[in-house]
Structures are given as C-alpha cells and as structure tokens.
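Chain lettering (A, B, C, D and E) follows the sequence in which the chains are written, and residue indices restart at 1 in each chain.
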Amino acid sequence: MEETLKIITGQGFWSPLLWLAAALGILLLAFFLWSRGRREYKRGTEQELPFLSGERAEDPRVGASHLYWGFVEALKPFLNGLRDWHSGVITDYVGWFVVILVVVLLLVL
Amino acid sequence: MNRWLATGAFCIAAAFLILGAVALRPFGQPARTEMDDYFNRYSQPEVAANNAVTAIVFDYRGYDTLGEATVLFTAVTGVALILRRVRK
Amino acid sequence: MSVHAPILAIAVPLLGGFAAPLLARIHRKVRDLWVLLVVFFSGACVGYVAAHILSSGIWVYVLGARNPQETLAPGGFPIRIMLTVDAMSAFMGLIAGFLALVAFPFALKYIPEEEGKTLALTLSLLLLAGILGLAYTGDLFNFFVFLEVTSIAACGIIGFRTWISRAPEAAFKTMVLFSLSGLFFLLASAFLYGEYGALNLAYLSAQIKGTLVDKLALALFLAGLIMKVAAAPVHFWAPDAYGEAPAAKTLLLVVNTQVSLYGLWRVLFTLYGGALSAGVGWLVTSLGLLTMVVAAFMALVQVDLGRLVAYGAVSQIGYMMLGVGVGLVTLAGRPDYGFVAMKGGIFHMLNDALTVGLLFLCVGAVEWTKGTRDLRELGGLGHGLPGVALCFLLASLALAGIPPLNGFASKILIYEGSFRLSPILAAVAVLASILLLAVFARAFHGAFLGPRAEVKEGLPWVFLLSMGALAVGILVLGLVPGFFVEELVAPAAKALWHGRALYLAAVLGG
Amino acid sequence: MIGNLPFVVCMILVALGLWTLIAKRNLVKLVIGMSLVTSGVNLFLVSLGYVRGGIPPIYTYAPAAAPMVLPTPQALTLTSIVIGVATTALMLAFVVVIYRHKGTLDVRKIRDLRG
Amino acid sequence: MTVVVRTITRVLLPISLVFGGYVIMHGHLTPGGGFQGGAVAASGLALVLVAFGVERLAGKKGLLSVLESLGGVAFAALGFLGLGVTFFANVLAGSGGLFGHPVPYGPNPGDLNTAGTLPLMNWAVGFKVLAGLGAVVLLFGLFGGEK
C-alpha cells in the first residue's frame, strides 16, 4: 500500500497525499491568520470599489498581456528573433529538415 | 533561412546519400536472399500463385496491402473533404 | 477469438472507416452508433492486450501464418509480417485507446452535420487504426505504411476547415514535412533491406553490426522521426497543425505525435540497441531541451488560444525526449538514475496525452461558445462556463508541473534522473516549466477571468463528460502516481531499457 | 564502385527532389519535388531486387533454370507507388484550395501562419 | 472537346476497361494485379471526363464513393475470412474449392482457378482503385468547374 501511493525517485520519494496533508496544514494556518483580521470595514460603501494607482477605475480589468509586461519587453529582441525563425515559408522548414539530417549524419557517422 | 546554410547542408546530405549508395553491396548481387528465395520457391506450393509478386502482395505481406488500400481510401476521402462545398 | 485481439484492435477501425460512408447513406444515427461501437470494441481489444501482456510477456502475432505464433519459416528467418506487442507497445495502445474513447463522443457533437461530418469521422477512424497499427507492428515496411496512413489521415483532418485559408495552408505544410519524413523512413528501411535482405525488426536488430550503411540508415530513421515528433528545429508544422485542426480531432493528432515518438524509441532501443553511441543520446537530450525552451518562449507571445496551447503541447515533447534521452546516454552502464529518467519520460507521455487533450477540448468548448479563439477578444468566460474554466485551470496547472497533479509526478522523475547526469539539464527543464506556468496563467486570465461575458447557452453534456473523464484521469494519476508508475510505466520502460533480448527471443526463439 | 551506378542515380534523384523542395518558390513545383523524391526512393527499392541475368519472378511460361530477381522489392515498390500517388493527390487538392483562397502559388506569400 | 477526341474515346474506353479487367483477372498468373488493372481502367474513366466534360459524370460521384467503400469493405472482409487461422490467412488456396486448384513447383502455362483468395482480393482492390482514382479526377474536375 505504501508503495502504490508514492514514487521512489532514487534519492527520495514523492507522495502526493503527504503533500496534500502539508498543504492542508498551511491552509489552516492561513485561515487562522485571516480570521484574526479586522472585520469592521463598511460594506456597500466606496471601501469595496476597486482603485487603480489611487485613481477610481471605471473598467478595472487588467489585460492578460500586462501580467508580465516587463519581462516580455526586456526579452523583445530575443523573442522577435524566435518569431522570425518561424517564418511560415515551407521551403525554409524543409531546409531546416536538411540541416537536422546533416547534424544527425555527422554525429552518427 | 540563410540560403548558404541550406545550400551547404544540402550538399553534405547529398554527398552522404551517394556515399551510402556506393557503400552498399554491388548492384545485381544481393548479399542475403533467404527471404526472397523462400518466396520464389514456395509461392507456388503454398499460395498456388504463379506470380510470386502477387503472392507477396496479397498473401505474405497482405497486411501491408490492406494498409496501402487504406492509404488510397484515406487520400480519396481527404480529397473529397478538402474539395467539398461548405456554405459559410 | 481472444487469440486475435491485437489484430482486431487495428482491423476493426479500418473496416469501420471503410464502412462508415456506406452506413451514413442509410442513416446518420446508424453511422454514429457504428463509429461508437467500433471505437469501444477497439478500446476493449487494446485493454485486453495490455492486461495480457502485463501478466505474461510479449505477444507475437504472425499475419497469414497457419499458426499465429509460428514466427520463423523453415530455415530460421521470418518471412511474414508480424505484430510484436511488448509492454511499451501496449502502453502506447492504451493511451491511444483511452483518448479515442474520449475524443469520438466529443467529436460526434462538436462537428456540425453540414460541414462533412461523415468524412471527418471516417478519417478519424482511419487515423486511430493507423496509430494502433504503428504501436503494434514489428515490421519496418509495415511501420512505414501505417506512418503514411496516419500522415494522410492527419493532414485531411488538419485541412478540415477549408473555408478559412489558414487550414489548407497548415495542412499543406504538414503534408510536405510528413511525406518527407515517411520517405526518409522508407529510404532507411530500403538501405537495411539491401544490406540484410529482411524487413523484420527483431531479425534486423540481431543482424545490425554498425557498418557504414547501418549508420547511414540510423541517421535517416532519426531525421525522419525527429521531424514527425516535432522536435525543435523541425517543429514548425506542429503549432500550425494543432492550432488549425478542429479541437476534438487534435487529441488524435497529439497521440499521432506520441506514437511517432514511440517509433523513435523503438528504432533506437530495439533496432539499434546493440550498436548505439552515446552521441545519439546526447542529441536526443539536447533537442529535447531546445524544444521545451523554444516552444515555451514562443507560447509566451501567442495571442491565439489554440496556437498557444499547441506550443505548450510541443514543449511537452521536449520533456519526454529529455527523460528518455538521459536513458539513452546512460544505456551502456545502465545506472539507476537512467531508469528513473526513462520512467519519467514514458510516464510523461501518458500525462501529456491527458493534459494536452483536456486543454484542446477546453479550447474547442470556448470556440464552440464564442466562435473565436483570440485572447484579445475573449474574457470573462469563467462565469458562464465554470466547468470549462475549472478543467482548463486543472490542465494548465498539470502541464506546468504544479504538485500534486500528474504533470509534477512525471516531471520530478525527469528532474531527478537528469540532475544526476548533469544539473544543467534539470535547471533548463525547471526554467521551461516556470515559463509554461506564466504562459498558462496569462491564458487562463485572458480567457476566463474578468467581467461576465455573454455565452451561447447549452453546452452539450457530452463535452463536459469527455472533459470530466480527462480531468478525473489527471487527478487520479496525480494523487496515486505510484500505482501507475509501478504497474504500467515501469514495465514499459523496462521493455525498452532491458527488454531488447526478450524482444529478439520472442521473435527469433532461443 | 562503378557497378553501383544505378543506386547512385537513385540517390541523385532523391537529392534533386530535395533541392526542388528547398529552392523552388511555387507550390506545384514543391509537389513535383516531392514526386521526384518518391520516384528516387521507389527506383532505389526496385533496383535493390535486381539479380544479374534474372528473369521476372513469374512461373507462367518461365524459361527453366534461369535465376529469378527478388520479388519482395517489387511488392514493396508497388505499395510505395500507390502511397506516392495518394500523397500527390492530396497535396494537389490542398494547392487548389490554397490558390482559390489566396490567388497565388508563391510560398513567400502563403504565410498566414507564422510566429 | 473536339469530335476527334470523342470518337477516339468511344473506341478506347471499352479497350481500356477490358484490358484493365484482364490485368486484374490474371493478376496471379501474369504481371499485374488489382492496383495496376484498376489504374488502367481508371485511365479510361479519366479519358471520358476529358472528352465529354465533368458535368456528364457529375451525378456519378455518389456511385463511385459507394463502389470504393464496397471495394474496401470486401478487401478487409477477405482478410477477416482467414480469422479461423490468422488474419489474412489464405484459407482457400489449395482447398479444392473456389480458386482452389493446387499448383506444383515449376514453370507451367497457368490455371485461372488457383491462388485462393488472391483473385478475389485483386477484384476488390481493382474496383476500389478504379473508383478511387475516378473519384479523385472527378472531384478535381468538378472543383475547377464551379465558380
């Protein structure tokens, strides 16, 4: 029974049920901390409304691409190079096939 | 893609293909023929067919031919699918 | 009848494909019933074969012989085509069977009648038959024939939506690359035939000594199959194909890729197991790393939900190649960690089939409801489609390797095994996983979160059933991975890792 | 070496087809290139079966005591030819539909799917 | 097409169909077989399409599709026939019944009533190839014709 629930990885083991138990413990701790918070904010007033950078936001949606905008922006040259690599021209794709064929040939022979 | 990279890779690949063709056993002198000798010898007693090729196509390797018929059927179905009329 | 189970699993879908256009002329309900019957029968055969093989070893079935186990002609060489099903083939067949059982009911609802449903169902049945034929065959030329069956059927399915220009374009590109890969496979088989006068995999494996022609054939095999599995420098067809095919059919395309991966392992471990240098292992490993990183970065910048998920699927191929590649590198010494990595790579094939399949079904449901897949236009679907949103979240977490889901269970095996070989491998793999988590966080946010969006009412219950089946599979595989690793994956990995001698003995005797 | 000239010719045919696929810009020419590769592989397969001085492996009115060529490559080539025909037909169908949508056959203009 | 082409087609169509049938029928005795014979017969069909226009045969698309499916089903069913022994076993060869005459080893003039399931499979495949190739040519012609 013990063996069927966990995976032996050679250096240790991975048991999802144990992990779930730990996660449950942490969740309980979090709930405990949360329950000790203040409850006296006024419902139905402007305290509930969303604000964006101190401004009252009309459409509080944050676009999905803004989630890690800086990361993508910093990698822009690299990513653009990658996109150009996927040029959409079928002859290029065949060319890459020939390249991989040559790589394999040189490696095997 | 860089044209020179493609050309160079192509030249090397072609050279290796020709090298392989040269390194193969001489033309017209198969090295190992047990399987084919068996087919030539036994296609008449076993399958009762004078034509050894047909005996192979439909009996010894009949399963391949089923796959081949499937390929043709698939291609015709595919052509019918691609060239069909869709009201959109 | 049970003697014939392996061939029935392949032949019945073939017959079903031939007969489906005829039955559609009688009534479409008859056709739907027939398709379901065929798929269930095939699935049952696959399950029976797997159960039998796991309990009693390799199953050889000689086609057209007087006795299904009569492998050799008088004189000691195989003449007929034979199916040689070992634990790895059975594992692959199980994946294909399970996904087909999920995909076909979904497809019956998903594809409208007036868009050529009969043709699409026929092609799908033939694709399923081709996949199972690839998984079970023990003959090189037969492998080529079924490779072409899957190629042509897959390309027909990719070009299904002919009314938009992108689908035929993707199909044409895929077709050129698939045909090339098939032809190079055939060329390699021809070289081996010219050298040894045989086509049987086990017989050739016993003959191969590593001459120049053998090595050339190995290179041609590798180049062809690497293209077919969508590894990095030649993966360009995969996002096009996955993205443009109807979502319900993309599941079968994913399995098609995996069965090509199986063919790669078969060629490397069984056919060339005795004459393989570590360089090939390093090639597979490094291509795997390149694939996962490139695909994860490309997924980062996609705005089309289908294409984004497709790049995610490509990156998963990299993990399988990394896991089994580590096994290939260490094949000479066979240390423990090599086997751990192999187990991880092969377990990941099953996990990838489930998670990517579920993601594509979710994409299909989103497109069915909204008619678009553009992330810039989607949003707020989580209110109207809570089930779909939940499934998408589950699958994307599993794909990114978040515990306790199944993706983590296989990835930790890969991380551990590859870390022992070189820590850099594991580091790159973890990096790619983090990137994928970022990608799918954006996808989930963009499609499902935000203010409530209008949705078309009445998502068919079959959609939710299919997605639920895959979601349950993900949870079960994640929560009790040990059982599946020990019972299914370890025998399959062992069949590649240690099983070459057994494979040869099953065919050649002794 | 020089005796292997038929094999070399087949390989040259394969290479020419590959070059067509790399260098040409017209979709129909790509299909032709694919057919060239197919023909090269088929010729290679069938030439593998030749035995010097051999006759066809058919016993109907066969001359006695002559060696027969190997039948397996012929069977394989038959299968492979049909597969090549099927592939060509499907690819041409795609080309027709692409032309109807885009009005061009230039590969550099047919790249909606990129990036 | 011109009257010359039409007249020649009228002459050549029966010839190609008969020759295709001959190639299929003698597949197990002489060079040829189902695929080759089917392709020969399909060339006659293609000739008709070229000479008389696709519209003449536009209604036959369903027939060709049914014929092709039937050929495929028949071929697969002949494979299933051997299931008493193994899939694709040639159970009729040498059994004495239909196509069941035994053949001794060595050159002979050829006997049509031999080779078991082979002639049947040849016919199934021949019809399938005829219908399949005909359908492909017809589909291309119809697609090009409409605007």
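FYI, a contact is a pair of C-beta atoms (placed from the backbone, for glycine too) under 8 Å apart; a residue touches a chain by one contact, two chains touch by 3 or more.
None of the values given here were measured: they were computed from a predicted structure.
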Chains touching both chain C and chain D:
A, B, E
Any chains in contact with both chain B and chain E?
C, D
In terms of touching chains, how many steps apart are chain A and chain D, taking the shortest path?
1
Between C-E and A-B, name the chain pair that shares the greater number of C-beta pairs in contact.
C-E
What chain lies farthest away from chain D once each centre is taken as the mean of the Cα atoms?
A
Using mean Cα positions, find the chain sitting nearest the overall protein centre.
C
Chain whose Cα centroid lies at the greatest distance from that of chain E:
A
How far is the middle of chain A from the middle of chain C, if each middle is the mean of its Cα atoms, in Å?
25
Distance between the centres, which are taken as Cα means, of chain D and chain B, whole angstrom
9
Cα centroid separation, chain A vs chain E, in Å, comes to 58
Please list all residues of chain E that touch 2 or more other chains.
29-31, 33, 35, 65, 72, 76, 79, 87-88, 90, 106, 108, 110, 129, 136, 139-140, 143
Residues of chain D engaged with two or more neighbouring chains
14, 18, 21-22, 30, 44, 48, 58-60, 70, 72, 76, 78-79, 82-83, 85-87, 89-90, 93-94, 96-97, 110, 112-113, 115
For chain C, what residues touch not just one other chain but two or more?
11, 14, 18, 21, 63-64, 141, 145, 148, 152, 155-156, 159, 162, 168, 171-173, 176, 180, 194, 197, 199, 212, 216, 219, 239, 298, 301
What is the complete set of touching chain pairs?
A-B, A-C, A-D, B-C, B-D, B-E, C-D, C-E, D-E
Write out the stretch or stretches of chain A touching chain D in their complex.
83-84, 86-91, 94-95, 98
Interface residues, chain E side, partner chain D - complex
29-31, 33, 35, 106-110, 129, 133, 136, 139-140, 143-144
Of all residues in chain D, which touch chain B in the complex?
1, 3-8, 10-12, 14-15, 18-19, 22, 44, 47-52, 57-60, 68, 70-72, 74-76, 78-79, 82-83, 85-87, 89-90, 93-94, 96-97
For chain B, which residues are in contact with chain C within the complex?
16, 19-20, 23-25, 30-36, 38-39, 59-64, 66-68, 70-71, 73-75, 77-78, 80-84, 86-88
Give the list of chain B residues in touch with chain A in this complex.
1, 5-6, 9-10, 12-13, 16
